[in-house]
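Right after this note come the structures.
In what comes next, subunit A is part of two complexes: it sits with subunit B in the first one and with subunit C in the second one.
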Partner chain A sequence: MVGIGDKLLGYATNPDVRNRGASGGLVTAVLAAALEKGMVEGVVVLKRIDEYEAIPVITDDVQEVLASGGSMHAVPVNLTKHAVGRKIAMPGKPCDVRGVIEQAKRNGVDLENTYIVGLNCGGSMHPVVTREMLIRMYEIDPEDVVGEEIEKGKLIFKTKDGEEKAISIDELEEAGYGRRENCRYCTIKIPTNADLACGNWGVIGELAGSATFCEVMNEKGKRLLDNAIEAGFIEVQPADEKSIAIRNKVNSAMLKLGDEWKGRLLTEIHDQERLTYYIEQFADCIDCGACREVCPVCTCGEDSKCTMFHSLADNYKMSMYHMVRLLHLSDSCIGCGQCSDICPVDIPVTTIFRRFADPAQKKRDYSPGMDLQRPPFLELMLK
Partner chain B sequence: MKETIYQTVCPGCGIGCGLYIRENGNGSVSIDFLKSSPVNLGKLCRFGMKLPYYYSRPASSKTEGVVSGAEEAVKAAASRLKNAGKIAMLSAGNTTCEEHIAFTRLAETLGTVVHTGIPVYQELPSECHPHLEGMPLAEIENAEKIVLFIDPYVQYPLLVRRLLVARRNGAHIISAGTKELHLAHENRDLSPEQYAELELDSNSVIIADVHPHTESCHTKQLLNLALETGARIHFMKPFINSEGANRLARDKAGMMGISHIMDEIEKGDIKTLFLLDSDPLEMMPDSDRTANALNKLDNLIVISSRDSPITEIANVVIATEPLYRKRGTFINAEGKLRENSGQEVAGIDAMSLLSRELGSEGFEYRQMHGYLHERMIETLANENRKPEYGIMQCAPVQHNGACILKYLFNPFMWANQPDDNDFVLLNMNMVRSLKLRKGGMVRLDSEKGSMKMRYRVERVPDGMILTARKLQVATGTNTTVKVEGC
Partner chain C sequence: MAGTEWEPKIVAFCCNWCSYGGADTAGMGRFQQPSSLRIIRVMCSGRIDPMHVFNAFLEGADAVLVTGCHLGDCHYVNGNYKAQVRYQFLEEMVRELGLEPERLQLNWISASEGEKFANFIRDVTAQIKQLGPSPLKPEGVN
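Here is the complex of A and B:
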């Protein structure tokens, strides 16, 4: 039996799952065991299409879960909405987890029925930008790539002929490649808001690459791990002081880097410039409504405030849609980047929204999506 | 909890945005974003975002207006076609290349051709036809100067990001369309005689479109401009596979525009209309007049993957699977071959059965796809060709006198689609002269009737009223109207 707060190193007992897994297959095995033992009705998995593309699906097939391991850094999806109205287990980067918690505050998700195996996250990349980066910066044919990893601040790609090429993330990002803009200033790298927080930071020595560092965050996390151990899907051992210290150190370094990006990108907008800034930023909006549709924290449905007060026939210099959304999301925007990714005219929506929300959240020392303790400052929390 | 995912292409316009359609266990569909699609990076416009509604009305086979099995409908279609006089066949490009090729096979059996409904092919010399093909959209991003004869925001929204990239790369953008565009450095209302003022050269790109209601004179003027300046010209196409359908046509000069077909039906010269995923009631500007004309037909036979106004009135409907489930390919406006992950071939099978019923050979998907590959080198070669046509003369249609209600033609025209673009665009001078109240309505009177519309103020030429959706009072893409404040 494991305890809340335990920090463990573990891996899948099935060698295939362990090999296919990003760092030991523990996450996959825990999800599969939850399904196998009836803790949940389905699991969210990423159905892999190729190195740069995958689509989230919900499955009730344990074999499909077991076949789904591996981290896809160039698949910047958000899995939140798949948890709505279901009894499922899911993997989740910090932003996936934050989305689920914001949904829970608004009764979109029942956290009691949702198990989240959190993944540490240094950031994700856009698939098309990644392909372009491979050609321009790495001089590698994207089709030749068989794997990638991040080590000591470098992004390393492995090709099918066994070659490896590493370039520092700083250099890539200065050239406009690397992680998505929002990931650079994301402030949660270890998902302490999930039931389990898993990653490869702190896995050293002979276990490096074949075990997962896993922290038990709460009672549900304990249930998940106990269930997987009992089902014989995983084996775990306590992490030693050195592993724990390394994990903390890398996390601190990543957070410091995130703060630097935040300082660069989320600068204050002065009162005199504010209106012009927003009018200009949204001037090319084609009113597709996709940013609302993909927003993981939005529970409004069809008749939302942002669409109700907005009309295409309006002659406002800035649409009511964006004005209402800016305000409405100021207490819940988690900066996941989905809105920027899908904006058809490439408006950096996430950064615009974060620049608006950040000061308001900072002033109230409020970080959305982290726990259910504090209600959103603009709303009641539904229970 | 079983979900089925299809990788497909948006059936909206000719850009051909990649996306996923998710069939949920309960039969409903939703969209998901295919971020690795090089055409659109997973991004979609308003139409793409509404695809669940578009796909919520699958077609049902009908024989003599009554729901029937597909086989019965095929047999009824065969018996009508065998006894038909002059048959017009239309496939505007709303389905796969393979289905279009199968339809062309049927046309050969029936001794006719498949029209794509775009009139300029018939009206322009054949040496111009290769220049109506689109160019790679990524090349737009590297142009030094771009002249727009379309409104990308309304007509082809996913072009906007290409233009914004071009602008960031230093391109100078001029809008020569009817409406002021935010992304343009200059917005100019130019007559063809003033085109020299654009100062284009071989690093410039002209962007226009050809669609079922394009005036060929306008296309000629643009081709002349390209010839005289050396600028590249990119023609957008309205439907998902317009480019494919037009590239695959062997006898482009023999293809009639949809208005021409409707005129012949009105005159009684065409008595049988055979359609493949093409709805004249949606495509024609005046649905009432079109419905009256279609009433004169002896045979209206429709192969369709979705329910639309035409499937309500057809004698025979042969229903096929929704577009996203079809096995097959599309060629988008830039000449890129896009493929569905779906594997269903009910459409091809139905056409094969029809072919056999008509006394010809049946065929399979494999053969249709094989034919596409044979034609591929020809169809996908869209390099910057040297013009082989000469300067063309033409006299534009004059719209004198009163105000003109003009369709800001977009591929969707929002026929049967929910959208809140229920307003017209007019300029400040008109608002002032009619003393229109903010938030009020404007009344439009045409020979067909009268209607009230909300309005939005835009910089459009004096006397012009633009609409992005079909209106009851319209008699054509340009309708003379009287306007009043109310």
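Here is the complex of A and C:
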């Protein structure tokens, strides 16, 4: 039996799962065990197409879950919406988890029935940018890539001829490649808001690369792990002081780097120029509505203020759609980057929304999607 | 009308029970007021959606005023507290957008405060005349 707050090192007992897993395959094994033992009706997994594409699917097939291990760094999906209205277990980067919690606050998700295995995340990459980076920086044909790995600050690609090429992430990012912009200044790297927080930071010595560091965050996390241990799917041992210290140290270093990136990417725009800047950026908008569609914290559904009161015929200086959304998201934007990724005309939507949300959230010392304790401010409940 | 001074358009949302009464009292008390004001009466300041404010700006308002009963006096218990929460977000947003802060203002005015209402409108009008037309005003709107 594990306890809440335990910090453990663990791995899947099935050697295939352990090998295929990004670390120790623990995440995959825990998800599979939850399904096997009937804790949930389905599991969200990423169905891999190639290095740059994977589709989230909800499966009730334990074998399909077991075959789904491994981290896809060039698949910046957000899994939040797959949890809406279902009784499932899912893996989740911090932004996936934050989305689920914001949905739960707005009654979109029943957290009692949703198990979330959190993954540490230092950031993900845009698939199109990744392909371009492979050609320009690595001089590798993107189709030849068979695997990718991050080690000691370097991004390593392996080709089908067995070759490896490593370039430091700093160098890639200076050249405009590497992680998506919003990931660079993201403030949550360890998903302490999930039921379990799993990652490879702190896995050292002979276990390096073949075990997963796992912190039990709450009662549901404890249930997940106990179930997987009892089912014989995983083995765990307590993490020692050194492991824990390394995990904390890497996290702090990443957060500090994130702060620097924030300063660089959200540069101040002068008072007199801001309005022109926003008007010009949104002038490119073709009204496709995709940014709203992919937004993990939006629960408005079909009929929403931002669309119902917006008409192109109005010919306003600035789009009503974006004005409403800017306000609506200032308390709840989690900076997941989906809106920028999807935008067909390349408006830096996330960066713009962060310019509004960042000061609003900072002022209230509020980080959306981290807990259920505080309500969305705009729907403030008066005592 | 060449030569006449530019007159801003100011939209004020007034709640039925207090600030609208304040505007009425200002008229009955014969306090001089500029002709810049367009009042929109709502039952309570809690009815004012940020969207209404955006709409006013996008349709050509040079300033938008959110008004209601004094805190504690709302006739629907806490409508003005709700308005206040929304207003804070709205204010921060309008700042970040780059609109001058004078263009969006909040004031609690009771039905008996006619003079306060008139002074408020006069002050705002003077501030906006200094600033000139709103940059969000559509082409072709005065």
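Throughout what follows, the second predicted complex is superposed on the first by the 374 of 383 C-alpha atoms of A that agree within 3 Å, B and C clash if a C-alpha of one lies under 4 Å from a C-alpha of the other, contacts with A are read in each partner's own complex, and residues count from 1 in each chain.
Just so we're on the same page, a contact is a pair of C-beta atoms (placed from the backbone, for glycine too) under 8 Å apart; a residue touches a chain by one contact, two chains touch by 3 or more.
These numbers were taken from a predicted model, which means no experiment stands behind them.
Residue contacts after overlaying the shared chain place A:E293 against subunit B, while subunit C stays out of touching range.
Once the two complexes are overlaid on the shared chain, A:I49 sits against subunit B while remaining clear of subunit C. Contacts of A:K362 after superposition on the shared chain: neither subunit B nor subunit C is touched. When both complexes are overlaid on chain A, the residue A:Q272 reaches subunit C alone and has no touch with subunit B. In the superposition on chain A, contact of A:D314 is made with both subunit B and subunit C. When the two structures are aligned on the shared chain, A:K160 is found in touch with neither subunit B nor subunit C. The contact surfaces that subunit B and subunit C form on subunit A in the two complexes overlap at residues 314-315. Across the complex, subunit A is touched by residues 1-3, 5, 7, 20, 22, 32-38, 40-46, 48-49, 153, 157-158, 160-161, 164-165, 182-183, 420-423, 438, 454-457 of subunit B. Chain contact summary for the complex, subunit A toward subunit B: residues 41-42, 47, 49-50, 52-53, 55-60, 75-76, 86, 126-128, 131, 283-284, 286-290, 293-294, 311-315, 341-346. The residues of subunit A lying in touch with subunit C in their complex are 269, 271-278, 305, 309, 314-318, 320, 323-324, 326-327, 330-331, 355-356, 359-360, 363, 377-378, 380, 382. Taken together, the subunit C residues at the contact with subunit A in this complex read 49-51, 54-55, 58-59, 78, 81-82, 85-86, 89-90, 92-93, 96-99, 135-138.
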